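Common to both upcoming complexes is subunit A, partnered first by subunit B, then by subunit C.
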Partner chain A sequence: MSAPTAARSAARGPDGRGPGGVGATTPARGRGRSSAVRRAPWMLMAPFLVIFTLSFLLPIVYAVGQSFTRVERSGLFGEDGTTSGFGGLANYRQALEGTAFVESVGRVLLFGVVQVTVMIVLATVLALLLESASARWPGAFRTIYFLPYGIPGVIATILWSFLYVPGLSPVVDVAGLLGIDVDFLGPSTVLWSIANIVTWAYAGYNMLIIVAQLKSIPGDLYEAARVDGAGPLRIAWSLQLPLIRPALLLAIVFSIIGTLQLFAEPQVLQSVSTAISNEYTPNLAAYNSAFNNNDYGVAAAQSVLIALAAFVLSGLFLALTNRKDRS
Partner chain B sequence: MTTLSRRSLLRGGALGAAGLAGLAGCGTVGAAPTTTGTIPPAASGEVVRLQYWAWLKDLQQVCDVWNAQRPDIQVEAVWIPGGNAGGYQKLFAAIAAGSGPDLAQVEMRNVPSFLLQSGLVDVSRYGFDQVAGQYDRALVEQVSFLDAAWAVPQDSGPMATFYRPDLLEEVGAGPPATWAEWLETARAVHAADPNRWLESFPVGDTSVFLAYASQAGAVWFTPEDDRWLVNMTDDATMAVARHFDTAVSEGVVNTSLAPYSPGWFAAVGDGRIAALTSGSWGDALLEGATGAEGLFRVAPMPVWSDLPGSYGSSYLGGSTAALMAGSEHPYEALEFATWMTTSPEGIDAMIRYSGIGWSPATDYIGAARQEGSEFFGGQAYGTEVFAPAAQEQNLDWTWPPIAQQVMDGLGDRFRTVVTGGTTMVDAVAAMEGDVVEIFREKGLSAEVVS
Partner chain C sequence: MSVAPPPTGSTTVPDAAEDAPDRPGGEPAGGGRRRPRRPATTILVTAVLVVVAVYFLVPVYWVLVAATKSTDDLFTTNGFWFSDTPQLLTNLRLVIGYDDGLFLRWLANSFLYAGVGAVLATYLAAAAGYALGMYEFRGNGLIHGVILGGVLVPATATALPLFLLFSQVGVANTYWSVLVPSLVSPFGVFLCRIYSRAAVPVSVVEAARIDGAGELRIFHTLALRAMAPALVTVLLFQTIAIWNNYLLPLVMLADSRLYPVTLGLTTWRGQVDRLPEFYQLTIGGVLVSVVPLVVLMIVLQRFWRGGLTEGAVKA
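This part shows the complex of A and B:
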């Protein structure tokens, strides 16, 4: 260990302070050092802060600014003058007045209530099974369940769309042979076809979060439970479930945010399903405003609303579960 | 959470507000369209380099034909995603940044929305009017606004009906000559085999419905002085809407398989779709349907025989080579675009390498299109069907700067027609009510005059 340390302190030489620097500046040492100590964290954080500001804070401020900007034109195309300026809440009014956007929020909420529940239950059951004493090849199955998460959402949706489209889908063909007429892409079913893709993709990921938490449960707790005569079901219910609560909460909050941001799956399925409108989900609506309608102000307002909704919903959920904790 | 004091919150708020005030000034639009002044041609001896952003395949091969002859004007093709799939977003971003290519592929119906973003150069000022007579008149009309032309027509899509004679013969029918016959045939085809339809009607892609309305003689948008007059509920449009309401409610057209979607191709291959009324460019796409080789033929599209102001055909799709506002060499760019779209050499190269739609030039449809095609049983449908169709067009149809929003909004409403929520007649009327508001949101003025 000492050799690398020596090498490292020798390497400090060329930067001007040198190995002997500390001793040489004894009089100023106290003040100089404390200001250096004060500066050091900022200097170390500077690369992060610069990128964080440029790629995260500024775009947010810019988007919020855009959401208050309106364009006024005169003439057929604005050829007699075009001005853009502060428009107050006009963009927000326009976003909320359009029934399609509000409906899309309702749609993803319904989606979230059903899909997040199904997925979290599935992920929990898989995690408990894999971590149970009688599990065979848990490593292999963990990988298999997690694998769909490694496939990008767009690719996954294209793959699934081949199982949904009548004429291409073996599932539809087999159901047809059995006399069942299934339509995965109809107006009443396509939301659940999307839920299926999302569940397939993310159940394994959430399972992994829960598995990690399960692994952190000390072995003596299991031992104590078994000594007390608890069977596997009792252990799962009274020991594992309460202890993986934090992981479950984390998974649920992530899922709520993810649900509100539903975009790639409906956008890709749009090409095979006539039931998906341009404002099917809030994010799709914002995309449509920005890139089909060239209305960046409204798109910004919609994005801000989506972010606020995610913030409020996650906050509400955490507040509710925290209150339960205390009681 | 205690570290976040009230003071720091206030400071954050003040910073945010300052940021907002600063940013509210940054608009997303540039200046108004430039209508005065011209950039002179480059001095002789200078080599001009142009960029053309388009989603045509192998466009560079076409440019190379030109580049070989014109060392003084070298054109580079840059591929962008097709239209709303990403290409326009790139172009609009370039316009907002004051950069971008010299030429860009812009669909006919999107020319006005590019005009709205101040993205185009008035090509009349660079001599387009002298060559305008070489193009199909309806196309020149569609790019003309404010007493000037704003883009060079590059290809179009005169409509006709691709059909399967064998499947229609099974019900004793031929290609329908009128829309009334079309409905009868659709009923007969579906009655004979409940798994077969005469056609698919795309509820999501309303450009087809607009093309039918235009064929029927409708003119939804008319510029007048500095405002737009809107008339989407005239007799012609209502007749078209009623016609397809009937077809959809009876279930004799397929509404779940949009034309050119994977499921639709599978259905065509299985013989579950007997016909397709579409733009001329549909031929190349149809050839991708495995199992349909040699089975299709082409006939003129059905006409609205009981509508006196209707036309023989309509345009579906079509694009332009538009001169972008940032171009430093508009003369040279226009020269290239004119060569590409009117000279036999340019047109043949565009057909051969890029598979463009129908040639916009009145005099030359392209060598390859004068002959028959094997897929269509050797029928010379280019000269027989599409060349006449290109001349039977509604010259008054004008695209508004909000075309995409009108089509999308209508599409969202049409989707509920399938579920029985509404009718196309009501959907069009409701859309008309929204259109003035959409114009107003763009800062433009409009009025319903129906």
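This part shows the complex of A and C:
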């Protein structure tokens, strides 16, 4: 009967816990000492699992099912009833044959390559500057940069939309005074106007993630680098950047997923820019298929394709960067 | 009250020290602080930071100015400065009074969705994450894998089919249709699973068992308290996620009295071309909905430090 006493004294001791402690990875498992302990995890998980299944797994299964289902309407408005049956890949074929959807995928990929790069570089540079001794008032600047993250994407888009509209926007006025004729909402510029909104909203958030990572670099590493005669740029390039790599990778993966999902910004800007079609981004196209064309099969196929693309791209990116690591 | 212990120990620099970097000899123990550089470098770096700060602040400043103007003044006066006849209160009264206080109802709805949704989601995620982290049972790895996959599935991929399912059982266009999907936070489970392993002392759990405490009671009294820092993170992320959600309410709700403030303001924004008075309404509404968020951001800023990377680094 020494085990309980040991457990208790360990609990009272100053070191009875602690991240990465020995006990942390071998908790009270595997004993199977009573049915209560065996039942407990399921009772704890049950509420989450029920709602997770209902609002996550079921819709995904349903969407996959729908994407293989063909609905034939008889009569002009389907008033003579509909028949549905297995349609094979017909919905996928229709989605991919529509040039608008494929173009929209290309558009968000281009958007992602440019916007994610600009945003991550901006976030990294800001984080490094704020963490250098050369910056004054780093706390105040950090708060200002992070502030847009608290503004919902839709509200940010409404805000910027006012700054894009000629007549209302002081930005357009100022540019006009300087002799520059800017059109933020034209066919060739509106994509980058959206990129500006997304960058404005999320750069500060990514910066904060990187700052947190920078702060976890032990001070003596800097000392050692300085003793070796490294200047601030050298320290940033050879010490800080490699050490914040995990945070950068994570920020990029989340940004890729976010880019593919682009919806609210173009949807809201549609009211001020005729350059944004109903199939401007993949998600907008899926939304349009479902609610304007009432073609749920195609909408489901498009949703599945978007999800698959997000998986593949994120996986690909992680695999590529891991390989680089090893070589 | 930091979010979670930093991965490599206590290298976090206290805020006070950061805000006074020019203090002589004020080189904090950890972090990336170097000796103060030459004044020229300081001026250059600070200038860059100021320019970037202007970029981040311009839209917020503009809405602050624009909310004081009449519709005419919006188009005829300098957008970066106040007009001669500021009428902020008139505009706010318009916003609040429109359609029997529809705007206040939208705000209340947002508070309901985000407040109730995030608290329940955090509790559910804590229970599930604790169960996955602290017990070994058949299917543990599988369930964890499926939930982790949930982190990667775009929320938009589930919104459309969810609407089709909900409309078949008659739940679409109700409070439940937005609230129920908001209760799921796969990221929360992920974080709570990692954190429970690191923060819940196994010896104390064992001791409580020997004293005869039930498993659920151990979770509610011991584990929840030990996991508090992670729970704060999950709560904040989920609150923001629900508050910012647009597609789900757009798809689910037809009745404007159930709208959250995000969806409501876009319907106002969509009407400005036909009815110019909606400029004032939309701008005033944006200001009212942004101010509490900005204040909240500034107050809670320090809680965001760890965030997503915390989980990733430990995993």
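A few points about this structure:
In the analysis below, the second predicted complex is superposed on the first by the 289 of 327 C-alpha atoms of A that agree within 3 Å, B and C clash if a C-alpha of one lies under 4 Å from a C-alpha of the other, contacts with A are read in each partner's own complex, and residues count from 1 in each chain.
Keep this in mind: a contact is a pair of C-beta atoms (placed from the backbone, for glycine too) under 8 Å apart; a residue touches a chain by one contact, two chains touch by 3 or more.
Bear in mind the structure is a predicted one, so any value in this text is a computation, not a measurement.
By the touch criterion defined above, A:Ala133 lies against subunit C but remains apart from subunit B after alignment on the C-alpha atoms of chain A. In the overlay built on the shared chain, the residue A:Pro47 is in contact with subunit C alone; subunit B does not reach it. Look at A:Ser35: by the touch rule set out above, it reaches neither subunit B nor subunit C. Of the two partner chains placed around the shared chain by superposition, subunit C is the only one that A:Pro59 touches, whereas subunit B remains out of contact. Of the two partner chains placed by superposition, A:Ser238 touches none, neither subunit B nor subunit C.
Once the two complexes are laid over each other on the shared chain, residue contacts for A:Asn322 go to neither subunit B nor subunit C.
Comparing subunit C and subunit B on the residues of subunit A they touch gives the larger count to C. By the touch criterion defined above, A:Asn288 lies against subunit B but remains apart from subunit C after alignment on the C-alpha atoms of chain A. Residue contacts after overlaying the shared chain place A:Thr117 against neither subunit B nor subunit C.
Common to the subunit B-facing and subunit C-facing surfaces of subunit A are residues 62, 66, 161-162, 167-168, 271, 291, 296. On subunit A, the positions that touch subunit B within their shared complex are 61-62, 64-66, 68-86, 94, 100, 161-162, 165-168, 183, 185-188, 270-272, 274-275, 277-279, 288, 291-298.
Contact residues of subunit B toward subunit A in the complex are 16, 19-20, 22-29, 31-33, 35, 84, 88-89, 92, 112-113, 115-118, 145-146, 202-204, 223, 226-228, 255-258, 261-263, 266-267, 270, 272, 401-402, 404-405, 408, 411-412, 415-416, 418-419, 441-444.
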